[in-house]
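Below is one structure, written out as structure tokens; the observations come after it.
We call the chains A, B, C, D and E, going by the order they appear; numbering starts again at 1 in every chain.
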Amino acid sequence: MEVFLSQLFIGLSVASMLLLVALGLTFTFGQMNVINMAHGEFVMAGAYTTYVLQTSVFGTGAVTLAFGLSLPLAFLVGGVLGLILEFTLIRRLHGRPLDTLLVTWGVSLMLQQLARDIFGAPNVQVKAPSFLEGGITVAGVSMPYTRLFIIGLVVVALLAIWFYLSKLPAGRRMRAVVQNRDLAAASGVRTPHVDRLTFFIGSGLAGVAGVAVTLLGSIGPTLGTNYIIDAFLVVIVGGLGQLRGAIVAAIALGLANAYLEYWTDASLAKAAVFALIVVFLQFRPQGLVVTRRRGLA
Amino acid sequence: MTRLGVTRLLAILAAAILAAAAIAGCGSSSSESDAADTGASTSASADSGGDAIKVGILHSLSGTMAISEVTVRDSELLAIDEINRSGGVLGKQIEPVIEDGASDWPTFAEKAQKLISEDRVAATFGGWTSASRKAMLPVFESNRALLFYPVQYEGLEQSPYIFYSGATTNQQIIPGLEYLKEQGARSLFLVGSDYVFPRTANKEIKAWARANDVEILGEEYTPLGHTEYGTLISKLQEARPDAVFNTLNGDSNVAFFKQLKGAGVSARDMPVMSVSVAEEEVAGIGPENIAGHPVAWNYYQTTDTPENRRFVRAFKDRYGADRVTSDPMEAGYVQVHIWAKAVEKAGSTDPEKVKEAARGLTFDAPEGRVRVDDVNQHLYKTARIGVIEPDGQIREVWSSGRPIAPDPYLRTYDWASGL
Amino acid sequence: MTATAAAPAAPGVRDDDLLRVEAVDGGHGSTAVLFGVSLGVPRNGLCCLMGRNGVGKSTVLQTIVGLLKARRGRIVFDGDDVTKLKPYDRARAGIAFVPQGRDCFPQLTVRENLRVVQEARRDLPKSGIDDALDLFPRLKPLLDRPAGFLSGGQMQQLAIARALVTQPRLLLLDEPTEGIQPNIILEIEDAIEQLKRTAGLSILLVEQYVDFALRLAERYAVMDGGRVIDAGDTAGLADGHVRRLLAV
Amino acid sequence: MSAPTAGASPAAGGALLEIRGLKVVFDGFHAVDGVDLTVEQNEVRFLIGPNGAGKTTLVDAITGLVKPAAGSIRFEGGELVKRREHQIVRAGVGRTFQTPTVFEQLTVLENVDVAASFRLGLPQLLRRPRGATPAVTAALEAVGLDALGDAQAGTLSHGQRQWLEVAMVLCQGPRLLLLDEPVAGMTGEERLRTGELITRIAGEGTTVLVIEHDMDFVRRFATRVTVMHEGRILTEGTVSEVQQDETVREVYLGRPRDARGAGAAAEVAS
Amino acid sequence: MATMAKLFPAGSGRGAFLVRFTLAAAALLLVAPALLNDFRLNLLARYLCLAIIAVGIGLAWGQGGMLVLGQGLFFGLGGYAMGMHMKLEEAAALPSGPQLPDFMTWSGVESLPWLWVPFRSAAFAIAACVLVPMIVAAVLGTLIFRQRVRGAYFAILSQAMAAAFVIVLIGQQGLTGGTNGLTNFRSFFGLQLSNPDDKRLLYLFVAVVFLAVFLIARQLVRSRYGKVLVACRDAEDRVRFLGYDPTRVKVLAYAGAAGMAGLAGALYVPVVGIMSPALLGIVPSIEMVIWVALGGRTVLAWAAAGAIIVGWARTDLSERFPSGWLYAQGALFIIVIAFAPKGLAGVSEELQRRVRSLLSRRRSETPAPERVKVAA
């Protein structure tokens, strides 16, 4: 029972990290049909933002302040990178999703090398703020504060996205463009602006995920590659651009990983999860959540 | 219309770059084959003709392993610089030819071949992972060329054309185990990355444990680059071993130690003995996450010898005060000197003569005196156990006191007879 | 760029028309559908575009809105050449489009469907939504329902309401009564009649109910095979002439 | 999988296609709402009705493109409902599309050749076509595209694409041919030729079901006409019978000018 | 000027192809061995292995529209099949001991795993190099295509399969050699891999296989089947209504590409002397597609050329700029894919067209005919 509960917690925390990376992809993949392989590098940029704030700007004396500020700043950094990418390349590749995949992969190569040139090849270290040290134990399950914080961060991110999409005009525009791009354009919605904003937010979320990564793992130029494929699988299993689907898929994959790894080992669990996904797509080739869309023509 | 024009222009430009690169490749290859020693090379040195002796430096400068290997390249270049400033070898300057293994084992093999047959290097210093060494091994053997390999490894190998400057099992892992046992550990949990070094090392550790009445409570491997250690840590917490023996590699250590600390497991509760975590890695993991855990090596930046003080100062002068030195870096530094000494002694860079000259050669290394084994071309090295301090340095807490003879096949250990 | 003032005016196009489509070629992707289409919508008037299925009527509308590119010819709105403008800029210039069929933002509520259009621009007053709803009172109790769940007729009313929120000067209506239950057709027709009386609104209507269309129209155009085969003023039009052209 | 040979079909003059109680639902919208339809051997049946009546959806259901919610479709006695698209084609049902879809990267000849090769085994498919086979030539001649054999299909006009599509179906020798608005966008002369072609095809033993709006065309070439409206069969009969039918006039041509209330009521009733 | 015109023949008929193919074959079989030293010739052999993969990708992606991002899986299956046989041959030649491949000894495997047993037979190993990848591809492809999974979904799924394959390979060290992979080969069907003359023979063998594979693929593309495949790429749903099952059509191309990748893997092992998971993961698999994109996805010869050019540029650039060449690589991919989607094939076509029109304009003052093909 204890094992069950502790794996449940671990599964959820794995899921939260997956979801944090996948959220941004859900935006860019779902809205614009862009397979952004450089998304992982935006995560990396977010992580390095935290590092720079902590070491260069504030010094190690104000860890908590630096960490707190890194959340909005990493969002901004990721977002601006996304904007640049959208403006220089993505919008020229409209309607060629497979080509965006290849092009953004080239971008990700360059960003990795850029990070290596700026920050050096070795990993760098970010201190976790002191309030995230330690953890609590509930019903025999020890829950580190860092993991609770990440779960909390995902919940906040989801709430913010929900609020943005359903309560703010810009969010409504974004949904309108997803659901019927031509109709939105013909109704006066400046779709390129919406696309740019979408990419900004999606990439910004990657930056935020980068901040979370610093609490769990290493910060190096190749950080993004560790997360990108898993995140894409979340998006695919969830269904194109479906927020609800992505949440369910992330939780399912996180739990599957946690329990399978407990019974077997990390390598086998990973391979088994891939196999499960192939089987799953046999039954739901479009993912968990599917919506019909109609075009004008 | 204008957009289309620009597009075409860019495309043509790209094609031109490519074509130029390809043609340049053809050109250089045919000319270099005829005059390998004078052909344009990637070397930084402008020396030409017969005044220089070329050596290969083959490490990953890109990809996942670049993190570690770049530091070894730096210390090897430092050693070359030192030798050149004191007159070089055989009166000639050493000219390093640097190649990128790109963290890709086949690339290591390709570049090794290139260094040997195109650059005609006298020797090559390179590699980090066992996989890269295994990939290069047949290349060096079939070309009868020399490779100096600077990293501790799993043993069970003895190539006539490889010099092993890092520790083999009985110079690092076994002392580490003995230390844990001395500290009262009666049960162990083995954690490693999923590749040859951890698996082979753990095989040996299990044999040792059987002979020493130490219980192995679990053995777990994670893929290279794995970053999610929640489940593994809960397995650890469940098994409650007296100590953990850690053969994780690279990035995974960062995730493992951060998450271990997050789970509230301290070095006092469950010390984790690492054999792949040196000063450089400690900086990436964050000293506060790993402080108090033991490591096993042959050298630390704090090792108290006059040679080391000189080495550390020279390194920091050259690369910056914030840089640290580590065991593989020291081994990289040492192996260049050993090669140079052997060449001087042999009076030639001919591999067979250098091998002959290297037998029994000694060198006062930063880690203390090392000696090349007569037979297996490994080094006699002093084993040292250290504990990581909160400032990121490693404090030596135990030492073998004298260099241990290398025994890659563990022939002198009864319990290892089945391996 | 080709059609200049010197080009001979086609029948059914006048210089002072609010919208002039001048010798436009167009189509979907690589498929050419339109060949030299010219037509005009008079200021404060209604032009009725007729023709059988598949002759290119919807393609004309989509080209006017900018969803499809005109390969040749030009589109002039209120004296300005809008041929190169993006759809949203044409919408901002005052062209509103009610596409054929049940087209909406299906997962947005009825209210959101209207608000998203109103909010897309700073210059549109919120009251525009109420005005549009006054024209279709049937939508008022459905405001919080996702538009995808509306019936065909309700959706069509929503589509027209959404177009009106943009306070257009030109309204393009693509078969607003197609496949819709008759009592709602009446309401839609009433609304169109009412709109036609609105000062400053011109309408280009694609409609298969010839009688209804001709009764409201000042101008007509008949298409076949991607070409306008007949166009002109409805005044003095012989009864049956258009019917014959449509060959029903 | 393999279709019964032509000789095995039921007695001549019997029902070739029998649809019973067919329903197709999209998101709660009943596009086809309980259709019963019987098409006899060798007839040219026209299917007419206003936009949105469900004609194309009916053809989609016959050819397996949409899955019916209920009902059965029997072709030569065999049930089509559960079969996949290509199996239905192999059973002998060919169709064209409202917007003609041809393979733009291939030449006209290759388009038809691909269609004609559908029963070939893999070894034959892996061979290079050496010139046009007689069936391909005949089909191209039938639609008058024989001169354009080497042109890329992407360069064809709308009308030519429709011809090409017809040729592609023709060379497959289907026993039931479903044409979705084959003359849309054609000139009068082209229409005439198409009509004659349809008549000829029927004379050679292929049953043809045509969706069409052009009443001139219908009058000229139809033997029997079925009228659909709002997903149902409104009526069926000869051209003149249908033209006399008051309800048909109403749904098709619109209400009389002044029939505001009454006309609507009549329509709701139908 | 007349020679210029000859260099850019306008026709693409049989004669023109024969000329070009003969020239290419002569370059590979005669010129290259004469000009290149052992090291460079061996590199060329390696690029030709990669070019074989590229031809397969050109078939599946360029002709069939399936973006195969996981060809590493099939490359690896073929490579491991051959590597296993070569390892066993060597082990059998050992004077004493358990006659196991070296890595098994140090992984603690005591008897030969059953999976390895059939690979003792050379015939089985050779057949398995091609057939195992094809069968795996056929099964996976049938499952995936039947559900009409395509486009980005298929791409990412195929990528995930390569990733899963690598994880399994690494995890089963006793069976596969783990991260190290299979290495330390000495002979290949009697050829001594340390002997330069034998390596030259090996090069010739690889070149002949490459030319043969290219011809087979070309035949496939030009056959009726090739036309159906293109039809599937452009309008899969329409193909159903011609009575074909697109699943089968696509599976055949997918399996064909897999077989070619497997064959390439089998040749790569003796040429390079190593087969390891590092060659098969996500990054190498994407790179395979990049070669084809760069060369020109719809033209087989250019797809193969793309592999050779990128391979060469990679070796050369990384020699010249060991630490900075990733920028160049990334930039090149971005420029080509974003701005020249037809790759070098498109660029070359455009250049030829310009040269031709320039020539014909000079020759006679009549204007050059309008280009018929419109760039996509």
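Quick notes on this structure:
Operating definition for what follows: a residue touches a chain if its C-beta (ideal position, glycine included) is under 8 Å from a C-beta of that chain, and two chains touch if they have at least 3 such contacts.
All figures in this text were calculated on a predicted structure; none of them were measured in a lab.
The chains that touch both chain A and chain E are B. Think of each touching pair as a link: the shortest run of links from chain B to chain C has 2 of them. Centroid distances from chain A, each centroid being the mean of CA atoms, peak for D. Inter-chain spacing, taken between the CA centroids of chain C and chain D, is 31 Å.
Averaged Cα coordinates give chain D a centre that lies 44 Å from the centre of chain E. Inter-chain centre distance (chain A to chain D, centres taken as mean C-alpha positions): 49 Å. Rounded to whole angstrom, the centroid-to-centroid distance between chain B and chain D, based on C-alpha atoms, equals 73 Å. Residue positions of chain D touching 2 or more other chains, listed in rising order: 27, 104.
Residues of chain E in contact with two or more other chains: 167, 170-171, 326, 332, 339. Multi-chain contact residues of chain B (touching two or more other chains) are listed as 61-62, 194, 221, 223.
Two chains count as a pair here when they touch; such pairs are A-B, A-C, A-E, B-E, C-D, D-E.
By the touch criterion given at the top, residues 28, 58, 62, 65-67, 86-88, 91-92, 96-97, 99, 101-108, 112-113, 115-117, 119-121, 162-163, 166 of chain C touch chain A in their complex. Looking at the complex, you find that chain C touches chain D at residues 30-33, 52-56, 148, 152, 175, 178-179, 181-183, 185-186, 208-212, 215, 225-226, 247-248.
Taken in their complex, chain E has these residues touching chain D: 219-220, 222-225, 227-228, 230-231, 234-235, 237-238, 240-246, 252, 372-373.
Looking at the complex, you find that chain E touches chain B at residues 35-40, 42-43, 46, 103, 106-108, 167, 170-171, 173, 177-181, 183-186, 193-194, 272-274, 276, 278-279, 294, 309, 312-313, 315-320, 322-323, 325-326, 328, 332, 335-336, 339-340, 344, 346-348, 350-351, 375. In the complex of the two chains, the chain A residues touching chain B come out as 3, 6-7, 10, 13-14, 17, 113, 116, 121-128, 133-135, 142, 144-147, 215-223, 225-227, 257-258, 261-262, 265-267, 270.
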